[in-house]
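This is the structure I want to talk about, given as structure tokens.
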Amino acid sequence: MRIAIVVRSGPASSQSSRSALRFTQAVLDAGHDVHRVFFHGDGTYNANTLSVVPQDEEDLSASWAALGREHDLDLVICVASALKRGMLDASEADRYERPAASVRPEFVISGLGQLADAALDADRMVTFGG
Amino acid sequence: MRIAIVVRSGPASSQSSRSALRFTQAVLDAGHDVHRVFFHGDGTYNANTLSVVPQDEEDLSASWAALGREHDLDLVICVASALKRGMLDASEADRYERPAASVRPEFVISGLGQLADAALDADRMVTFGG
Amino acid sequence: MAHLLFHLRTPPHGHPAGEEALEAILATSVFEPPLTVLFEGDGVFQLVRSQDVHALGCRDLAANWSALPVYEVTDLRVHGPSLAARGLTPEDLLLDVTVINDAELAALIADVDRVLSF
Amino acid sequence: MAHLLFHLRTPPHGHPAGEEALEAILATSVFEPPLTVLFEGDGVFQLVRSQDVHALGCRDLAANWSALPVYEVTDLRVHGPSLAARGLTPEDLLLDVTVINDAELAALIADVDRVLSF
Amino acid sequence: MATLHLINKSPTRSDALASCLRVLAPGDALLLIEDGVYAAVADSTGSQALLGHVCHALAADIAARGLQTRLADGVRVIDEAGFVDLCVHCDRVMSWF
Amino acid sequence: MATLHLINKSPTRSDALASCLRVLAPGDALLLIEDGVYAAVADSTGSQALLGHVCHALAADIAARGLQTRLADGVRVIDEAGFVDLCVHCDRVMSWF
């Protein structure tokens, strides 16, 4: 079964990012496909490469990136939400004359068409956060 | 009268940053002193220099910075909250080997002692967000 | 194509959920799927008439909601009990909507394929 | 010195307010002001015994609350009606606290100089 | 020794208003801001808690939500300057989330 | 055509649970996660809404909050694998905030 996951909260501000990560891992463990993880609104903060998490706490952003690499996940952050929150890749940073990219390379910045596509194509869609 | 203001929400995630900004302006208009504006938790996102706000919307982070310059305000962001959220000045970016600073120069990164000091020294303290 | 339900239960202006929902609805309408927008709980406040954001200086979301029919998004349902609990009637709303009760809402949920929550 | 009231009404783990309050309380205790910590509403859940974060992998906030007396933060008040509405009694809590009713809470508020809300 | 109580959440999104009203003292002031103003809508479940209380609400927040003509009795609309006045005239400000 | 309803907010922080229960259909499943599990505490105001309903709650969220021995009758504790099972066996998932 193909399951799409939507994350609407940031890793430092709510438990929802952790819930979504644990659920995503469980979906993979059960042998299902993760169709896409779409990060919307504050969820885009999960892609942040600048965050510095205390050593005795899990770095959820790094965990998402690692899970993405391991399973070749489609981790997409919403461009409209991302720009407002200073989540930029190299090309956005260049276009808007900001000093650096702030998005980890495992994440792709794209439009809300990717959310629509996930909703239409996946067998299930589960939303975390809000 | 010396009034301290605490901001606990980010500019893209809640109305509270806007409320705090309007209140701060009104305090100044009434001839009172703003003792300090302390940005805690998600409030630290107000210092973000990387955010790109649509042209037809107010850039609250830029408005805070402008108000701070105009009135020489003490705009302090909590270091513990800031690091977790990737809000870094040049020295923090250097120390943690991140590619760039993300905090506007009008904001100072400091510890929670500045919150305690504001609570103890100001005549009033008003908290926004949460 | 899958029937999508956009479920709004956050009120406007305090949080960006309404704005995010609106952008997602417009982006989705391009694919022309069966699409229903449900306003329930505090979400019914999204559609209140006479919202005037001039003094506050925030985004005029109501104007965007008004434009939904232009994008051929016309299946708009409002949960009647949510409206009544908030002292509102359908005449207080800026769009022509279908008011539904609990049983009709339960039937709607059972009828759609995927739910997007805001 | 000003009497400070730290008011907690957010429950643990869902949001970082408890963690932020705890750090602020410890940073403030260094100045040794008159300092009261109030657990009210869902904030009473911060002090529930037997919190086990091992499976979830989040920060063990309860261990930090337990250490408050070590920092000589000892004036801890819990709103009794909030506790009762949540099916809890003082025996369910991990610290020795003073349980107060509505009138005592009103008197406490009138007695402090500044309130910090979490 | 009056307190200004500040409420910024809808009554369905927090028990802040109900909890605050339990301990409101004579002379205290109550101000609804942001989504807190939804409690001020006439004939709503939220506004029943306010019956018999005088409260203030911020004009810009009410206008943005289209509630100008829909307010319960006893709600006094003020602007940010009035907010600062309340803050100065009370002895402390308590924010309930 | 069953629905899995997901609740992640405390009953004092959202009317999500109460609203969801109004429209719960026979065969639907209800899962409490994150702060949603506070509604499952025995003898609490929040758990009264659940009386007569079977609901599920996530084990890790309950343990983190110290609620293991404080649950109301009718609450079934499951892990993330059980969450995925519910998701697969229901026809759709609806998150209430």
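We call the chains A, B, C, D, E and F, going by the order they appear; numbering starts again at 1 in every chain.
The criterion applied here is as follows: a contact is a pair of C-beta atoms (placed from the backbone, for glycine too) under 8 Å apart; a residue touches a chain by one contact, two chains touch by 3 or more.
Model, not experiment: these values are computed from the prediction.
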| item | value |
| --- | --- |
| Required steps from chain A to chain D (each step between touching chains, minimum) | 1 |
| Chain labels contacting chain A and also chain B | C, D |
| Reference chain F; chain at largest CA-centroid distance | B |
| Geometric centre distance via CA averages, chain E-chain B, whole Å | 25 |
| Interchain centroid distance [CA atoms averaged], chain B/chain C, Å | 33 |
| Residues of chain B engaged with two or more neighbouring chains | 12-15, 41, 81, 124-125, 127, 130 |
| Interface hub residues of chain F, defined as touching at least two other chains | 8, 12-13, 15, 34-35, 60-61, 92-93, 95, 97 |
| Contacts with 2+ other chains: residues of chain C | 10, 13-16, 41, 56, 58, 114-115, 117 |
| Touching pairs - complete list by chain label | A-B, A-C, A-D, A-F, B-C, B-D, B-E, C-E, C-F, D-E, D-F, E-F |
| Contact set on chain E toward chain D in their complex | 1, 3, 15-16, 19, 22-25, 91-97 |
| Interfacial residue positions of chain A with respect to chain B in the complex | 10, 12-13, 41-42, 45, 48-54, 81, 83-88, 92-93, 96, 98-102 |
| Chain B contact footprint on chain C (complex, rising order) | 13-16, 56-59 |
| Chain F residues within the chain E interface of the complex | 12-15 |
| Parts of chain B lying in touch with chain E, wherever the complex brings them together | 1, 3, 14-16, 19, 22-23, 25-27, 29-30, 32, 124-130 |
